[in-house]
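Should a chain be cited, it is by its letter among A, B, C, D and E, assigned in written order, with residues numbered from 1 in that chain.
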């Protein structure tokens, strides 16, 4: 029951606007603090015995990489919410998440290839993980392109949702590509004690910080979108007044 | 047989085009949808044909067979004619008659005849005039038996003779126990037709997030 | 049901031939792209033969892709789609029928052209058979998944390009395994069988997912 | 000013659609093109607008300025409205007014007003109904001064009120010394309009390509 | 005259942006094709860098090509073309305006994306400048000649592919000289200047021929 009412409340845009207005400042400042702290810690760490200073890229690369996948997950969930439950905020969330996710994916790609130069001697390698992340980036592009290319918005959002759900197969591929194909890229091990605590602590801090940043951006994006839609709705009302005014004369 | 619409609500974007509309059309009846431009005639017809999903309300077809849907039992004639410009009149029609589930070249021939297109049967649709195309589109009504006819401005670009022809067709269909619903700005010359005048309801766009 | 399905497939095949050799165009495009690649990569390239399978696959993908827009577009513009939707055939079957017609009218001819183009790129002799085989099992995925793209972009002007953007990522697995199946036979480094099986799996999956997703997209478009 | 057509012959494929047709319309006159479907109204209008090249015969515009062509002095309203669905009513219209060579936002605003589209000015054409789109298409007549109006079935999908509105516009244009030629199947309610009834010349559909 | 011309260019640019980032789609397609090529040619390929210019040129050609259908299509469908033809602007100028808009909205962005994609294919450092330069002078030919194809295929459904088929051959000179201009600088085997000049000559020629031919084709279509 309790949850029921909560979801209902959250479904109400006005409530969301008020709530987010309160939360947003806190969220963003926390994000800033954590990121700064994490990165300063990170840059204080001793050079890695194999990778030297370049290891510091990790503190950006890994969080970005994680978030790139999490963002897509969020989009998929929102799309599901839109198609199945017709949740009014679901689409707003999906739309707002796409560009942010794309940016994080891009960051993962760029930092990754910057890291690749010293470690593998090349910026780019067509190995399974990089390729699959690249595909993820393309999917983000596709989502945005499709949405932007259809005039009627309600239609655009539903179609984008269909695409998002069809494309979800990519996530497992990314996650496990390193295990399926043998590649240059490290397998996931950070959280399984595969990493020296000296590196782990700052990594976790920046990871949490970036996640908060993501949510802050996402919330901001949703707010803008909602405002834009209210303006649009007001415009459309005009059409009706026109139709009715005209109908009266007819 | 009876087509029943109960407190139907149609929304476009965030706006209500039609709000709690309720009516019924029994077999042997014709219904004219009228109303100013933008009143919602086309939208309503698409909803009846099952192409446009209502925000709420029900659309039933009673007394034909259990769970008969309007969609499977209607002819929908929209703004476009559903013709392939590279196919001849005959080819276009016979495809539809096959697809809509009735075979019989004879039917196609007679349909063309009744729409006075017999002389164009071997001519690709691309070479036809606006009205000829429209007539060919309407000929679809004759190649497959379907009890419910949904017509959106069927007389567009028809000359008087053809318009009268169409009126007779609809009358015959209705007389033989069919249902016809037509959106139009001009009288179709139907014998027993009720009129449903759509006026834009008071609308609130609050539904938008 | 079956009658409608067949009628639809037959009509689409007929139109593909009638409407100015859509097939011919796809084949021509394939031919041109393949002949253009050596221009770009430099004819002196010795191992042209080695990368031939890859080039043939990519060019085929592009050629097939660009013909996808055709699948639903014209039916939507001329109002046929509305009527098709009011038929006794469920929309999924309609999508399936049209995808099938596309595969027959585009996928198969392209596959049959590939070996001939292989000659241009002096493809290894023992690569011809696996190439054709992999393409035969690979191309259905292109038509059936591609149909999803076509359905999604129906109301969006600028069909071709957008479709490509949407579905190319989905094809990359097909591409990777299609090529690796061939090359691994050429350089006989085993694993070709595995790749071949995965390829077929992808195609079978797309036969199921494709029509469902397409139908979902179409329903939304018909609004 | 006078639009003169002398023994004009229009052919489609191998068939003569219009054979030695001769007529003239002076300024202050309106001409209604009537005739059955396929009689050749659209083809004739396209020929007058200079879009369709005649097989033989001449189309002149006398007494305006030396070598004035109809093409540059006409508004052509065809079956389609020439609207970009992603542009708003205002954007669509102001493009045409710029392109057709007259500037002035005021004009656009008044045009929208007179077509009773003022309240839709900021709405993309995609969101408009068939009739609203048609009205927006017709508004083009008002944003650029052009003496000759060529209208192909202008009232298609207009409701009565709008149809009357159009009639008044044409009357005003003609009264102010313009020329109007309209192909139509319905009376437009024009004050002094002559009628030219097109009847297909003897034609063999075997000749068709 | 000038006012109409500018109004038309401005509208087309506006639409290119408004109608759902036509630009973005072309860029996306370019990106995907370029990344697909290495997949096909085998990642291990050491001299990826050497053939990079060629791949970048070919992919750009394809991306630009597929966006050509857009030039006249929508104007024809919605009846704008009829009205444009009755304007004071000669049809040649109309064609020129629309080709120009296409170049600005597609040719230039693609050219600017090329160097970034060069990174993916680890292109030689000293190739970047010539690459961009040659593309800048080469791409107008694509838009202005491509417009002819677009005009010719107006009434034939299935734009993209057919256009490609018609105009790709016309572009092969552009392609050859564009690539050789770059490679000859990379491997500094002179002659780059000559190639560059020829390239510009081709573009200038197309600026003249393109609009005339397009207008002729459009007149026929308007019948």
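Basically, a contact is a pair of C-beta atoms (placed from the backbone, for glycine too) under 8 Å apart; a residue touches a chain by one contact, two chains touch by 3 or more.
Source: prediction; values computed, not measured.
Asks: Strictly by the touch rule at the top, which chains does chain A share as contacts with chain B?
Replies: For chain A paired with chain B, the chains in contact with each are C, D, in label order.
Asks: Could you tell me which chains are in contact with chain A and with chain E alike?
Replies: Of all the chains present, those in contact with both chain A and chain E are C, D.
Asks: Suppose chain centres are the mean of their C-alpha atoms. Which chain sits farthest from chain C?
Replies: D
Asks: Using each chain's Cα centroid, which is most distant from the centroid of chain A?
Replies: Centroid comparison gives D as the farthest chain from chain A.
Asks: Take the average of all CA coordinates in chain D, do the same for chain E, and state the distance between these two points in whole angstrom.
Replies: Distance between chain centres: 36 Å.
Asks: With chain centres taken as the means of their Cα atoms, state the distance from chain A to chain D in Å.
Replies: Measuring from centre to centre gives 53 Å for this pair.
Asks: How many angstrom between the C-alpha centroids of chain D and chain C?
Replies: Centres of chain C and chain D (C-alpha means) sit 45 Å apart.
Asks: Rounded to the nearest whole Å, what is the centre-to-centre distance of chain A and chain C, using the mean of the C-alpha atoms as each centre?
Replies: About 32 Å, centre to centre.
Asks: Can you list the chain D residues in contact with two or more other chains?
Replies: 79, 85-86, 127-129, 132, 159-162, in rising order.
Asks: Two or more other chains touching the same residue: where does that happen in chain E?
Replies: 19-20, 22, 25, 28, 32, 39, 74, 77
Asks: Which residue numbers or ranges of chain A touch two or more of the other chains?
Replies: 131, 138, 141-142, 145, 149-152, 236, 239, 242-243, 246, 249-250
Asks: Which chain A residues qualify as touching chain E in the complex?
Replies: 122-127, 131, 134, 138, 141-142, 144-145, 147-150
Asks: Give every residue of chain E touching chain A within the complex, in rising order.
Replies: It is residues 19-22, 24-25, 28, 31-32, 35, 38-39, 43, 119-120, 122 of chain E that touch chain A.
Asks: Using the touch definition up top, name the residues of chain B that touch chain D in the complex.
Replies: Against chain D, chain B makes touches at 12-13, 35-38, 42, 79, 119-120, 122-123, 127-132, 134-135, 153, 156-163, 185-186.
Asks: If we count contacts the way the header does, which residues on chain D are in touch with chain E in the complex?
Replies: My answer: residues 46, 49-53, 71-72, 74-76, 78-87, 91, 95-96, 98-101, 103, 137, 140.
Asks: Tell me, which parts of chain C touch chain B in their complex?
Replies: 3-4, 7-8, 11, 14-15, 18-19, 74, 77-80, 82-89, 219, 222-223
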